[in-house]
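Think of it as A, B and C in the order they're written, each chain with its own count starting at 1.
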Amino acid sequence: MVMKALSQKFLPKARLQEFKKRLLDLGEVFAPVQEGDVTALRRIGSPNEIADDFDQTQNNLRAIIEPQNEIILTFKDTLKPSLTEQLPAENKRIVLWCRPCDARALSSLDDNFDDALLPDPYYLRRRKSTTIIGLGCEKPFPFCFCGSVGGNPFSTDNLDVIMTRVRDGYVFESLTKKGKDLEAQLTSLFSEIAAEQKNLLLEIQGKSRTLLPRSAPNPEMVHANLGRLFDSPLWKKWGDKCIGCGICTLLCPTCWCFDITDVETRGKGFRIRTWDSCQFPLFTLHTSGHNPRPTKASRVRQRVMHKYRYHPVNYSGRIACVGCGRCTELCPEDIDLIEILNDIMKAGEQQ
Amino acid sequence: MTTTDPNELRNAIRGLLESKKIRTFIGWEQGSNAFRSRPLFLRSPDEVGNEIFSPACTPCLVRMIIEDLRYPLDKPDDKRPLGIALRGCDDKGVIELIKDRRIKREEVMIVGVDCPGTVDWTKAKKLIKDRKISTDDIVNGRLIWKDRGIAIATPSGEISLEREKILMSKCLDCEGHTPRIYDVLIGKEDTKRIPAEPPKEVRELEARSPDEKYEFWDDVFSRCIRCYACRNICTYCHCEECAVDPTTLAIAADSIAADKANRPEWVGRDSTDSSNGFYLITRAYHGTGRCISCEECDRACPMRLPLRLLNRKVRKDAKELFDYDAGKSVEDKPLLSETCDNDPGGFIW
Amino acid sequence: MTQTEGHAPKVIAFLCNWCSYAGADLAGTSRIQYPPNIRIIRVMCSARVSPQFVLKAFLEGADGVLLSGCHIGDCHYLKGNLSARRKFASFVNLLQYVGIEPQRFQMSWVSASEGGKFADVVTKFVNELSGLGPQKKLVVGDRLDEIISSEVPS
């Protein structure tokens, strides 16, 4: 959804460096960093670490709000253990320039972690203390299909601010109270936005939708078809190609599965939450030795079902896919989610 | 240019399927765009039309043989061989699997093809940006080999792509276009075999000081997300229980509690630098004498870690220390399962 | 025994039961002095030790690792030490390639009657190690402080 901004300002290119420096004064800053051939969202220490012109980041907001390694307890002296809970500090965190689809994905994570009965304090502390500045996608990436799943290259869901690159600088639009507060702290950097820049912004926003390279079948229809396709041979067709690496789930912005293990070393240790993946063969292994998902077909089915069937059934119809395309692009065997969805539509029609 | 005619290849596969000599043929189909392809499993002659052979055929299909061992493609009582398309670099992977006694030669029916080189998607993305290649051409174009390079064939003409800027780095150091073992070869045999040279990057890294080396590798270890894609796509990683993956320690219905509790866990599930280092170093070590430098690990890595620098290193050491080449002959014994009186020992006090 | 800046290196020594362990024992009964920094793990044969043991030792806080077995030709299991020699010829290169200082891992052949040699090996190893300081490159929980963002009493 594209919300109307609370206010629009202009950040001239000449003040960009200062803008980045000031953010660093305000809190922990996470921004896209170039690492060899890829870009990743990382905590930065200086403005020069931020990549100028960057690709889709390999990781996404999950790395910031539900980090891959999160120590939740430490203990000293294993003979007389004393436990210390390690809740994240409520430091101010600012994410600079995440893409709208990645921010939109947070809704799926909120569905799970921001639960009325069992809220996750680790996730929520980080979530609440993070201000997210998005960067509008003037040119979507080769695997993007956000438009097909209710998204938009300029979606404002879960963003506090959205910036758009225009001639000579950036448009800075505050969307929430957090965004407005941030704007107030940086107010000396902005100029008033000119009508010409507003028009350019509308032009860029309009054009971006036409630049989406891919489109997928209607997710609601996929959802409906999936109800009948549990035993379809299409899952083995794709499962045979899969190597079970888990990249699709580890870098999916709506995924959140984790494992909790205890590590003891030299008389002290920690309890750590780490990312897990339903694509790993023993993800569902019971201590009895039974594994309800023993085949790659069953695991591939699980991933697609979770995103397009089970999550929406459990959480008021929200499709847990934002069309970022990472699962397809990063799959070493090029398993194409859109082709799977097409197969689902075909199989659904035949039933 | 390739001497393999894709139609001839399809006919050969059709023949094998019609004669029911094989249970499944593993080939390639066009993937999510012009530059990409994925494994294709053919079981009936009428599906063969989807089989392609082009510069997009990057994935090494040998991995699918290992996948079939664990997750059978066909019914267990079907004892016919698996058909597979192999290029010049792939045959070494099959030879290693035979040496490791995971498969027998007669369990695969090899259709050799002449491969002049396949594309690297990461390089392709850069090229797409630099040359401003249109979305339509990216999605609907088709890659062809042309002279010594590659081109995208589109309705409006061909777009040539420079060899160095698009091919996998291993293809730029190709040892030979066609496989040495095969049952049928589609195309002409490439008789010149160029011995593998360790890349300059390995030698350059070896020359640095310990702290400089560590700085390089710690940066790599810190970016690893332990997806295990490098291991899962590897042609030599076929262990049922992986020593460096605490999630693969299998439990059966009759495992006793003591058994489950006492399993050694070499490394934890956290993806911090040292744990990742343990994983990557151990996996590289396990490849000594077995790694064929297919560089699939490098390609599969979502963080684009330079894993080929680890594997090329162990391959170089196997050659220099023991004059051993992985994937050379099924008659060779696995490197680390044999010993020799003349093995280097100068490092021992 | 030399120590740098008060740091006493921790050395894990894998000794084969038949030769090196007996040799270490002999050094003890002969009252030959050698640095006390080593902690001995007895294995039946040097072949038992895989490179993972060495890496794991580093991960758990070892500053140096020694592996000692029978001389070539004397292995109680005939060829175990040959296997260890081959494995580690390759592994020492890899270990150094990732930046672990060459002085941190060492193999030796020490027979049951070479109490003196054992003491020499340990002394030489610890001396070379002492100049390097603690091993910080591969340690479990190395990013503990960064991963923990605050201490909140439970």
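Everything below uses one rule, namely that contacts are C-beta pairs under 8 Å (C-beta built on N, C-alpha and C of every residue); 3 or more make two chains touch, one makes a residue touch a chain.
Remember, predicted model here, so these are calculated numbers, not experimental data.
**Student:** Go through the assembly and pull out the chains touching subunit A as well as subunit B.
**Tutor:** C
**Student:** Comparing A-C against B-C, which pair counts more contacting C-beta pairs?
**Tutor:** B-C
**Student:** What's the chain with its C-alpha centre farthest out from subunit C?
**Tutor:** For subunit C, the chain whose C-alpha mean is farthest off is A.
**Student:** Which chain has its C-alpha centre closest to the mean of all protein C-alpha atoms shown?
**Tutor:** Centroid comparison flags B as closest.
**Student:** Could you tell me the distance, in whole angstrom, between the mean C-alpha positions of subunit A and subunit B?
**Tutor:** It comes to 30 Å between the two C-alpha centres.
**Student:** Measuring from the mean C-alpha position of subunit B to the mean C-alpha position of subunit C, what distance in angstrom results?
**Tutor:** One centre to the other, that is 36 Å.
**Student:** Would you mind pulling out the distance in Å between where the CA atoms of subunit A average out and where those of subunit C do?
**Tutor:** Those two chain centres are 45 Å apart.
**Student:** What parts of subunit B, by residue number, touch at least two of the other chains?
**Tutor:** Residues 268, 272 of subunit B touch two or more partner chains.
**Student:** Would you please write down the residue numbers of subunit A that are in contact with two or more other chains?
**Tutor:** Residues 69, 263, 272 of subunit A each touch two or more of the other chains.
**Student:** For subunit C, give me the residues that contact two or more of the other chains.
**Tutor:** 140-141, 143, 147
**Student:** Using the touch rule from the top, collect the residues of subunit A that touch subunit C in their complex.
**Tutor:** Touch residues, subunit A against subunit C: 67, 69-71, 74, 83-89, 91, 263, 265-266, 269-270, 272.
**Student:** Report the residues of subunit C in contact with subunit A in the complex, numbered from low to high.
**Tutor:** These residues of subunit C touch subunit A: 60-61, 140-141, 143-144, 147-154.
**Student:** Which of the residues in subunit C end up touching subunit B in this complex?
**Tutor:** Within the complex, subunit C touches subunit B at residues 51-52, 55-56, 59, 72, 79, 82-83, 85-102, 106-109, 121, 124, 137-143, 147.
**Student:** Where on subunit B is subunit C touching in the complex?
**Tutor:** Listed in rising order, the residues of subunit B that touch subunit C are 205-206, 210-218, 243, 266-268, 272-275, 277-278, 281-282, 284-285, 288, 310, 313-314, 317-318, 321-322, 335-336, 338-341, 343-345, 347-349.
**Student:** List the residues on subunit B that touch subunit A in their complex, please.
**Tutor:** 31-33, 36-39, 41, 59, 63-64, 67, 71, 73, 121-122, 125-126, 128, 135, 138-139, 223, 225, 227-229, 232-233, 246-255, 260, 268-272, 296, 299-300, 302-304, 306
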